[in-house]
Structures are given as C-alpha cells and as structure tokens.
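Across the two complexes that follow, chain A remains constant while its partner is chain B and subsequently chain C.
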Partner chain A sequence: MITMSRRTLLTGALGAGAAMALASCDSGGGTDPVAEQSANTAALPTYVPYAGVEPDLPAELGRTSAAFFAYPDPATFSTEAPGDGQPVRFMGPTSFGLPPALPDNPFWQEMNKRIGSDLDISLTPAGEYDAKFSTTVAGNSLPDAFYVGSMPARAKFMVAKAADLTEYLSGDAVQDYPGLASIPTDSWQECIFEGSIRAIPLNRGLVSLPSVLMRNDLLTSAGIDRADITSFEALREISSEMTGGNRWAWGDAPLGHLRRMADIPIRWTIEDGVLDTNLLDERQHEALEATRALVADGSVNPDAAGIPASTKKQWFGGGQAAFISDSFIAWFSLYVANEAVEGLEIQAMGIPGMTGGTGTQNLPRPNAGFTAFSAEVGDRLPTLLRIADWLAAPFGTEEYLFNKYGIAGRNYDVVGSDPVPSALATEVNIGSLYMSDAARVIYSPGRPEAVQSAWDHQSAVTAKTVPDPTYGLESATASRVLNSLTGELSSVEQDIIYGRRPVSDWDAAAQAFLDGGGTTIVEEYQASYDAIQAMQ
Partner chain B sequence: MALPGVVLLLAFQYVPLLGNVIAFKDYLPFVGIGDSPWVGFDNFRIILDGDPRFLNALTNTLLITLVQVVLVFPIPIALALALNSFVSERIKRLVQSVLYLPHFLSWVIVVAVFQQFLGGAGMINNFLRSQGGDTFSIIGNPDAFIPLITAQVVWKDSGWATILFLAVLSRVSTELYEASSVDGAGRWRQMWHVTLPALRPIIVLLLILKLGDALSVGFEQIILQQPAVGLQASEVLDTYVYNNGIVDQNWSQAAAVGLVKGLVAVVLVWGANKVAHLFGEDGLYRS
Partner chain C sequence: MTTMTSESRTRARRTMSGGQARPSVPATIAKGTVFSIACALVILPFIGIVATSMAPAEQISAAGGLVLFPERLDFSAYDAILSGGIVTRALGVSVLVTVGGTAVSLTVSSLLAYTLTRRALPFRRGLTLLVVVSLFFSPGLLPTYLAVQSYGLLNSLAALILPTALSAFNVIVLRAFFGGLPPDILDAAEIDGASEMRLLTSIVIPLSKAALAVIGLFYAVGYWNAFFSALIYLNDSAMWPLQLVLRTYVVDDNTITGYDLASDVIPAQPALQMAILVISVLPILLVYPWLQKHFAKGALTGAIKG
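Right, the complex of A and B next:
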C-alpha cells in the first residue's frame, strides 16, 4: 500500500508512473518482456494538447482535471466531413437509457450528415456488455468498430482481430488526427499490444474518481452539515438520521467507500518495489463490518442488491436515496437528469478515516475502456480513424459542443455561452462517445458553482491517493482467471454485507482467491514490474 | 415433403451438436474451434473433482427440481379437475382466461411485479412501514428464495398447464359418467374411477418429459433475481453455465457441464420410460 502526499506523487510516483507508461497493460504472450516493453514505448503517439482554450481552473497531474465555468467561444475544428458515405457499424456499452431510434432522432440524423457516413450503432447496457461482446466474438460477427469488453487472453485477441493502427498513430503520425493527438499519453498505454497500437482510448482521467454523491439539499434540510462526516461513527449516525419513511440514506451498500475510509481502496499494493495484495489485511474485516452495520441499521435500501444503476440514480433524483456510489462525472449528468427537482444540490462525500483523520482515495485508471476497429475493415481504416478523430474533438470546439450537447434550440438552449440541456437532451445518448471521446474536463453548463465544488472536491480527496499499481503491468494468469476470481470474491462480499455469512468467512474466500490464481498473478505482475525497472 | 423439415432439423439441431467438441479443448473463440488445443477430459475436472461452485449449483438445482415435481406438478391437475367440475360454461371460460393470462407475461414483468409488491421497499412493506408495523423480507432473502420462485412458477404457469389435462377430460365419454352414476357412484367415486384413470397416460407422459427437464429449472427467472440473493442460494446449473461460460468466458468448462447435463437428462428420460412400462403405461415410446 502506498499512500502519497502530493509531493511523492509528483516526484517518486511520476518516476514509477513513467516507468509504467512504458508498459502496455495487457499484452500477454510475448517472449521477452523487456524487448516488448521497449517496442510498446516506441509506438506511443505524441501528445499534442489542444491549445485553443485556457481552463478557468487548472489541471494538475494526479490531483485535478481542467475545469471551465462557461463554454468558450466554439472554435471550428475540422474543415470537412470525415466519412466516406458508407455506413459505419459500431457496437458498444451504454450507461444511459436508450435514445430514440434513428428515424425519430434528428440529432442522430444530423450527426450522420456532419460525419458523412451513417453511424449504425448497437448499444447494450454496460452491465451486460461483456456477455454480449463475448458472444459476438464467439460468433465471429464483430462490426467495423467495437468497444473492447473484458475477456481472457485479451492481448492475443487484440493482435488477432483488431486492426493495427501503429502506422497511422505512432509518434508524430498522430498529428494528422489532432483530436486523437490531444488525448494524454497515459491513456494510450492501455491500447498498445505487443508493440503495436490496436485501439483508441476513451479518456476519463480524474473525472472518473470513484465517489459517493450526496443530495446535499436533503442533508441541509435535515440540519446536517456534510463537513460533520469525519469518521465512520459520524457517518453511521448521519445515515440513520437520513433514513425514514420511504427514504434510505444509501442507494447501495457502500463497500468501496468504506474501503477508501479504511485505507485499502485497491486490492493490489506496492511497497519498495514489491507487489502484494491486501486481501488478508485486517482492515478488510473493518470495511466489511462497517458496510454490514449500515445494512443492519436499515440505512441501505433493502432492494439495493438486485437493482440496476439506473434505478439507483432514479432513487437519488427522487430523494429516496441521499447517498449513492458512482463515478465523479455522474455529478453533472445527475443535475441534468433531475432538472425538475427543486433546490437540488449535489456534493461528493469527503473521505475521512474510519476513526477520524483522512482515508485514501483510489486513483482511477485513465480510461473508461478502449475501442478497436475490426482487422477486416481493410483500406477503410484511415476513414474510420478520421471519424474517431472527429468524435474526439476537444472541449472548446464546435464539434465537441455538437457531439455532447446536440443541436442548439432543440437538444439544448443557449444561456450566455452555455448549452443548457433541454427536455430532448436524451437524443444525444446514441453512444458515439463510446466509439471515441475527447479528453475530459470538469464542466457543467450554467452551473459554475457545481464546477467549483467538483474541482474543490477533486483537489481535496486527491491529497492522499493510491494508484492501481498493476496498471501497465501484465499477467497472463490475470487475463485468464482474474474475472472469475473477482466474481467469486464479490459474491462472498455480498453475502457478508447482507448478513448471509459471517465476516470471518472473508479470510477463507480471500485465501481461495489467492490459491485459485491470485498468488500467481502477483508473481507475474512482479516479474512484469521488474522488467520495466530493468529498462530504466 | 419432409425434406425442408429434415434440413432445418439437421442445420439447427444436429450440426450445432458438433460444437460440443469444445468440451475437450481449451477453446478461445477468436482462435477458432479447429485451432484450439485438445485437453482431453481436463474440463470435466470441475465435475469429477467436485468444484464447490459446481456442487452448489447442482445441489440447488436438484432441490428446486424436487420441490417443483412434488409441489408444482400436481397443481394443474387439481385445477383442471376443479375447472372440469364447473357446470356453467361461461364461468368456466372466465376462470380459465384469468388463469391463463399470467402465462403471457414475460419473466421480466413477473419478477418486476413480485418485486413491486413484496420487495423490501415494495408496496406491502411500505404500507406496513407507514402503519408502524413490522416489515418482512422475502425478496433478497436467500432462505425464502425457493418458496418465492416456486410461487412465481405456480402463479405464472399453472393455469396454462391445465390445457392438456382439460383437453383429455373433454374426451372422456359422458356415457362412462352416466353408467357409473347408474351404479350409484357419487362425485368422488366418479373422479377416482373414471376421471383420474382417463388422465393417467397424460400424467405419466408429462412426468417423463418433466424428468428429462429435471436439470433445467428456469434460467431467465433465476438469473433475473440472482443479484438480490447471491449465488450461494440461487446458482443453478443453467445459470452456472451462463455465468461461468459466457460471463467469465470459460467456454470449454461450460460446454463440459452442459454435455454432462444433457447425458443425465437422456438417462433420466430413458429410465422413467422403463418405469412407465413396468406400470403398464406406454410412456414416450415402446420399442
């Protein structure tokens, strides 16, 4: 476990981070790790940040995202439509409700016109996407472009089935695609397999900080100051106070948050160059015990376990839940979805330690995944990349404004310079942002105070953070069995949280995780880490 | 004339059977069936060595099957007899329609309706809570899981399952009833000596078919409710194959389990058929 002050993050960890930057996350099966790592490094695209806008609040690596109080005067980004007139088939996940179909969706029609190719998009709810993806792969019916779900032996798959983008994107070549070039380097590491670029990243950076979002307006009206959440005891008490009638404090059992409070947000640890896991750490019991206590107190909605994320968001909007675990970025979409809720004020919960002090925020991986093109697209590849580039038009451009907010006067109303979403805003959720996306910033149209709060929250919780030490490392065993091991472990977690098994069952489950492959995974990560160190 | 049917059967029933070969391979979809390496009976280890997750799924499956054969199977028969005893055709039709209706709802709807009524934050509990009463926990309670899914099956499908029995009952000659009442038989004796013997062949037939299905206990219904109660209580063989095979992508292991499941079903059907012969019934077929 490393906890970092700001200084260590920027100095020590940057060294380590840069070292990991040299690795690809997932490439397995190579023969010589050191040689492969250097091939991967050589392939990385040059980072050319978009120079057209100046953020109101600055981005700082590992601490904050760039933030904007208002949308800048939109600059034109591209001169011509990127498409070739032929349809482009894409398959991806979505965390939104499904949009109106193409014939009833003027935004989608306009998108097709501006791109110059019809986007034929097939969306699956995010929770079921991996199953959909694996059956599509098994049926050998991958479309032109596809979001890459998790799967065993993914590196082998990428090299076999995804088009090689290296000659178009490696090094300075990426400058022909300025949108893609403005995606930070750490995002690309995940997209390089056996020395070649096989995918384009969906950058999120710090906007995907795992967080707990709060209905601060409900807290205020109950006479509670969120600054009083300074320990688990205080949180537990406030949770009880926020529960009553048809409202529960929590829309889900917040194990992740309590692990952050217990300083063990990430399962893998690294200390003095030695990788390990904290699964058998006593604090696991502490976090489980605490989560279980909230459930036993009745502070968690009794139906939380079997309910999709979209329903939890509805509870949150409807005031049936005061706290939900979500990604930081949901802060703004929840404002948009609940425009009609009077007095709505969203804040993110701070991360105190279990008994006071400060807990540890886990830093998210830089991407929300990545998208690849089928190896069978042949000479359409440059066209598809141009479309991806267009969809990755950076914040501040006319194209970004259109991609994210739609058609002025229809999907949004212009207030000042801000695109304030209208009732038809859901039309834009066609899933194009899972095909390719710009580097993310903090921005909420017409809500400068929310932007300030969000940036302040990032700045506060990132004072003590821990990154995932396995990002950029490779393990063949992990790529085969980590998914199912994690699945079994979380099933035991659920049983414990909901009181179906004693907390003491955790150790046996954790041991089974280690015996079933976890120990081998740590060893392989270690070898991979050492290989990177050897290159220094 | 039968050719299109035969082609269809070959293409969609028999050719896909060849895919079972992946049970003996370390199959990766993008490598292909042909190029994936042979591993012999490695994938059957989870069955032979008694992998705890597999055993848990098997136990749950058998338990649910037992409950469903003992409790659920007789209900449509009783319903059919009850319906048959209505004198008024109109009332009979009305009751029938009401009983059939739930069959046409998809499991997603049925599960959602049960959730809305019985959930921890559902209508009844919310009412109890507003009255200051104690609440109950059915949805999300692993101990109540089997009774819950059994109740759902009964509610959804019992009415529909009466159709076959009613069809048989409508063919029982009225002369038999007349003759028996001349002999002084009351309604109960008529049921015992006329109605039930008429139903016996169809009951035996359906029971054999049910046994063939013994290891399939409602995939959709269970997978929808699985997150609420956890795998320990709700994992059955079908969801195990899905969770292990499709979600975790252990295709080969899942195929091995599926294969064994198929073999067991064949043995059960064959055995039940033999037993039916012993009791003098035709069963499914007679050689």
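Right, the complex of A and C next:
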C-alpha cells in the first residue's frame, strides 16, 4: 500500500523542481490566502493502486503513466449494483457530440440497470458550462451531483453547498471505495476546501502532457529521421523540407513547444522560495524569434491562426500538416479518427534545447476538474459515493470496460482481448465520465506499438520537467484579471509571430502585463506560498 | 444669341436634373470598385459556406477546410442532417418555438399596444411610461432565471418563449402605428356597438398588417436565433433548438457523430457544420422577401411617431 501525507505532498510540490506532486488546496477565489491555506488540514484519502492487473509498462510518479499493450482478462470489480433504485441527477459539461436520448440509447439503459439507479444526466457544451453552472447555483437548483465549474469564491461555495465527504474518504476510510482509492493522491489535493474533502477528482495525470504530435509516416517517406530534431536549426530545416505543395509542416505556430525548447514553458517561476515571472527573460525573445522564423519560412499553414482544433486535426489526418500541438492523449484519438489513412504512424516530438541538449517539459494539472455532491442529498451520500466508485472502476475491470467501451458486440467488438470501438461507439458518450472517472492509463486497443512509443515519449520528456508553481496558490487579482491580461499578451504574441510587430515590442507588452496586475498577482501568490511554508 | 462653349456643355452634361454634378468616369469606377469589394467581402464567405456544405469530402479534405467552388454537388451533408437525428429534431424544435413564440408575442404585444392607445384607459400615461422604462432597465439573467424557475418553467419549451414574449420596443412601435389609425373609423364602429376586442380584431389589426409583419419578423428572428435561453433553462438536450446544436458543433467544435445524424454515412465535418449553418440561416432568408414590402413602412413608424 502506498500512503502519502499531505505534508509530504506540500513539501514536495512547492519545492523548486518538484515533479508531479502539486499542492492544490483550492483554485477558487478566496481572498485570505493564509486563512484559506491553514484551514486545509483534512487527511487525504489513502492511495491504494488497483492490484488486480499488472501494467505492461509501470507508472512512476511525475514520470510515466501505467501502460497496457492489451486489455487484461476483465476482473469483476463489484458484486452488487451500487444504486438504491432512486434516480441520480447529474449536470456536467461535454466535449463530445450529443448522445442519443435515454429511450434510444441501449448503452445508457444498460448502465442504469447495472448501477441500479437511473442516471439523469444534463449535459452542456464545455464552453458554455460555467454560465449554466452559475445560474443553476444562483437558482439553488443544483442536482444530486455536479461538475464544479469556474466561479468566484469557489471555496466558500463548496463549503456551503457541497456535501462533506471527509468522513467517507479521508485516510483509510476511502478503502471502502476501492475505485476512488486508486486515484493518485495529488489529484485529491484539489478537492479539499477549508479542511474537508468536498469533491472527487477527475484524474488525467500525465496523459494530458502538452505535446507536439507528428505524422512520422510522412517524415519517413521524406527520408527524415525524427531523432534528427536535436535543435531549433534542425527543426527549422526539417520543417522546410516537410513543406511543399498542399502541405505545411505545422498546423499551428508552435510557440508553446519552442518555449519548452527554450526552457521557459511556464511564465511563473520559483527559485529559493521566491516566486517570479520569466516574461522579461531574454529567452522569450528567442522563442518568439524562432516561431516567427518558422512562419516567415512558410512552414506554418497560413490559415492556422484562429482555425478550430478540429480543422487542424483534419489537416493532420489528411497530410496537410505534419506537426500539430495537442494533448498527449490525442495521440490515440487521432489514430481512431484516421483509421482509413494507410500507413499512418503518429509519434510525439521530443523536446531538444534550442541549440542542442534538452528542453523542459511543463507538467499539466493532475485533474480535468472535479465533481461534488449537493449538501442536500442527506442519507443518500454513501449511495452516491458507491455509484461514483463504480464509475471510477480501474483499468482492467469489467466495469471499466463497460464504462469506457459500452456493450460488447454493440458498441465494440472484441479482437483478441481488446475492445475495438464499432460504429455505435458514440452511444457511450452520455457524460458519466464527468461524474466520476478512473485514473488514466496509456492504452490503445490493437496498437501496442503506439502504446510503447507513447510511454517511451513520456519517459523521455519527463526527465526534465517543471510544474506550475502557482498551482494551489491563491490570488484574488488573478481570478479577476489574469484572463484579460493573458488575452492581451496573446494578442501581441500573435502580432509578433505573424510579423505584424517586431519582437522588441514584447518587452513593452510584458511590462504592461506586470503593471496591469501581473506584479500584484506574483505578490499574492508569494503570500499564499509563504502561508503554506509557514505550516510546514 | 448666346453660344454655348464646349466647357459649359460638358458642365451641363455633368449637371443632373436635381442640380447635382454628375460624377466623373474615374470616380464612378472607383466607387464601383469599392462597392464591389465591399459586396464581395460580404458575399464570398457566404458562398464559401454554401459551397462547402455541397462539396465532396475529398475536395474539402484536399482544401483543408472551406472551398469556394465545389467540383461536383454533393448533398450528403443535407441528407445526413435531415435524416431524423438530433439536428433534425432540433430543427423541429426551432420551428415550433419560432412559430409558437411569434404568435404569442404578436398577440400579447397587440393587446398591450392597443390598450395603451385607448383614451378611456385610466393612468394611460403612467402605464406607457412603465413600458418605456422597461426598455432601459433589463431584469438581468439571474432574476429572470429565478422567475422562470418559480413559475415551474425550467426544462420546458415555454421557458424559451414566455420570458421574451413581450418586447417593450416592439410594443411602442405598434402603439405608435395603432395610434396613427384614423380615429373616426374606430368611433364609427363604437357607435355601431363594436366591443373593444371587435375593434382590435376587425379594424385595428387588418389595417396594421405592415407593422405586424415587421414586428413579427423581429420576434421570429429573435426566437430563431436564441440559444442562450435554451442553454440556461433546458436540461434535456433532446429539447435543444437548432441554434444551440449549431453552437455545439460549429463554435464549440464538437465532433458530429453518426448518432447526431441518425445516419451510418458521416460526411466531412466542415460540410456538416456548414450545412447546419445554411439550414439555420435559410428560413429567415426565405421569409424576408415576403415581408420586405411591409418593412420600410412598418419600420419607419416608430421612427417618426412616439
């Protein structure tokens, strides 16, 4: 059994160079960081990884996710239906197409049967969810379970309106819910509000690493070895070679990747306990110059700016772009979306330094958000937790297979031991994964080579990483103005990248960011950080 | 006898009947060029949308998105959309809300506007002022949501209609139009024993078709385009109107699946997105020419009469 105390986590996370463990007590809008932080004293749920299956490639905190070449012989996770026969209302966001309604959806009907309660799920497009959530909160009409959207003073809201789960999940108590217990400890940090556990995390871990995905089959046919991308000059040269006719090397201007190559992947820094920003660092110019050079070379699709992600993925699948920036997990969805592409081979680009050596990978947040239960559910709370536990059944179980792939023979076909999604696979997208979800692993049915490549990539790029030092820190100014300041800065970035303004304009824009609130944000983060340190 | 010089003849030729100088040829060409460019800027994107919705998948893939001239016409996107899936159902919801909502709005607006024109109405000025004041002070999202919730309208199509059924601006325009009708006709009908409702339905409304057509168009466009009220008030995505579905797929960039279309054949995503866009715009484009003859008269009513 692996156990990890909160203190251990905080110490590890906030030390410079800490890898994955990030102290994240509340990302809401509290105004008194000291009070907020000192109140977070609940014992975190004990981490008990699921022992029913042995991964083919091991998980390592901050370095790699567990990886599986094939789906193991499914083990039964629960012996009885977790529900109580009463409907469970849930609201959450969705980034998928709309699922068929319950009467037309055999998967949904089967899920209700297996759970023993009818899931009444209300989905809202992810981009609009915060508006829906805010009005629902204001109308005091929260359902039994809800994905927690962004809002000011979220900590106070959670304490007032979300059920206290501490009694059921704190410490070893979570072992009554083995699915939830198999979610890594760092994910739970985000679910503690004023000393109590108020939510369950939707873990993503390292599968959401920011990455550049490559059409390696196109590189190979052009006689290019991806291992030759060892510096910016090499990347620039290869980008030019991959551009021609109706193809551009890049589906987007890769400023994020070039910042990783320049060792400044995140704008916030921490050194010897002092928070700061690298916006005025010379390397910002270097990354901007490099991105601008790729655009000037014609290696970036001229329509890239402002184009939706689906179009870029289409370019990638159609061979009009050899490289696109995306999340690590898109590696596998791009395979699924482009099954008809003959010889398709996807790889992720390594992160060399600008002039050789190794760049720096930024670590993502451990969660894709979290879900809470209404404080008004009363005696039903254990039942709702059992349902959440069932939905979080770990990889390798029969329940996971059903939750993720649906009904065998309908939503997927079994090839070997792997579930291969059928044409009816989208029936599964009812949004239950936003209510509760298992810890993520690397797995792609029928593609063991891709699994190996993906794990290898994770292992390689996480050798040198940096977490966002502001995770879990409080800044009232950030919750108020950071989005607009970032928007203004991004606008200048775009102007510079596309040659409309000189690179030298960056410093003035960065200074405007700092003067417009950035400096205050750093000070507030520092106060929040110091408050946590004082607890150590 | 005065002899006309060539210069004065030229000047005379350039003088139009209204006394304005006729523009020179270069000026005309310049204006024509500017207007053509302006028109092209407006029309080309629309052509791109229509063309992409009818373009074959391989051409869209080769173009990497939008196309301007389809190699051949391919209506599979429209076939898929209208094959009975979520998009078809959303289209039905939108038509129902637009037709039903416009009928409700015209009814309540006409009743209020007519009432405010009647001299016998006590506190007429005060009541009119109340309507005008509501133009300047919107209740805001949350109070409206709470009102909808307290009336038990959440998750019902009535929530898409009733909160916006009455527009103060439209009532004021209608009141101005009704007030401009010859009072002698109404007086004569009253002497003949016509009730207020009879006056409204038999005299006022038949004489106000132009204004009602314009106000109806305003309301219809409002109902047709509304997506936010559906987002806030509806929990069941099966009740979503077309504009919210359109937003999900085009603005939020979610992938359109076979289930959304009730079709095994899934055309190219840009073609589907653009086809939904065309379908969402088409009804308003089709209705507008029929109402155009009333538009100037009806729309100007509010501009010159208070």
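The criterion applied here is as follows: the second predicted complex is superposed on the first by the 412 of 536 C-alpha atoms of A that agree within 3 Å, B and C clash if a C-alpha of one lies under 4 Å from a C-alpha of the other, contacts with A are read in each partner's own complex, and residues count from 1 in each chain.
Basically, contacts are C-beta pairs under 8 Å (C-beta built on N, C-alpha and C of every residue); 3 or more make two chains touch, one makes a residue touch a chain.
Computed from a predicted structure; not experimentally measured.
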| item | value |
| --- | --- |
| Chain B versus chain C as contact partner of A:N246, first or second or both or neither | both |
| Partner chain in contact with A:A160 - chain B first, chain C second, else both or neither | first |
| Partner chain in contact with A:T311 - chain B first, chain C second, else both or neither | second |
| Partner chain(s) touched by A:A101 [first = chain B, second = chain C, both, neither] | second |
| Touching partner for A:L123 - first (chain B), second (chain C), both, neither | second |
| Touching partner for A:E60 - first (chain B), second (chain C), both, neither | neither |
| First, second, both or neither for A:A138, with chain B first and chain C second | both |
| Which superposed partner A:E289 touches (first chain B, second chain C, both, neither) | neither |
| Touched partner set for A:N301, first chain B, second chain C, both or neither | both |
| Contact residues of chain A, present in both the chain B and the chain C interface | 131, 135, 138, 246, 301, 303, 307, 320 |
| In the complex, chain A residues that touch chain B | 130-131, 134-135, 137-138, 140, 151-153, 156-157, 160-161, 245-246, 248, 301-303, 305-307, 320, 483-484, 487-488, 491, 494-495, 498, 500-501 |
| Contact footprint of chain A on chain C as seen in their complex | 61-62, 64-65, 86, 141-142, 145-146, 149, 154, 228, 231-232, 235-238, 240, 244-245, 247-249, 251-260, 264, 269-270 |
| Residue ranges of chain A in contact with chain C within the complex | 91, 94-101, 122-128, 131-132, 135, 138-139, 141, 246, 301, 303, 307-311, 314-315, 318, 320, 423-424, 426-427, 429 |
| In the complex with chain A, residue positions of chain B that touch it | 28-31, 53, 115, 119-122, 125-126, 129-130, 137, 139-140, 142, 225-233, 242-244, 246-251 |
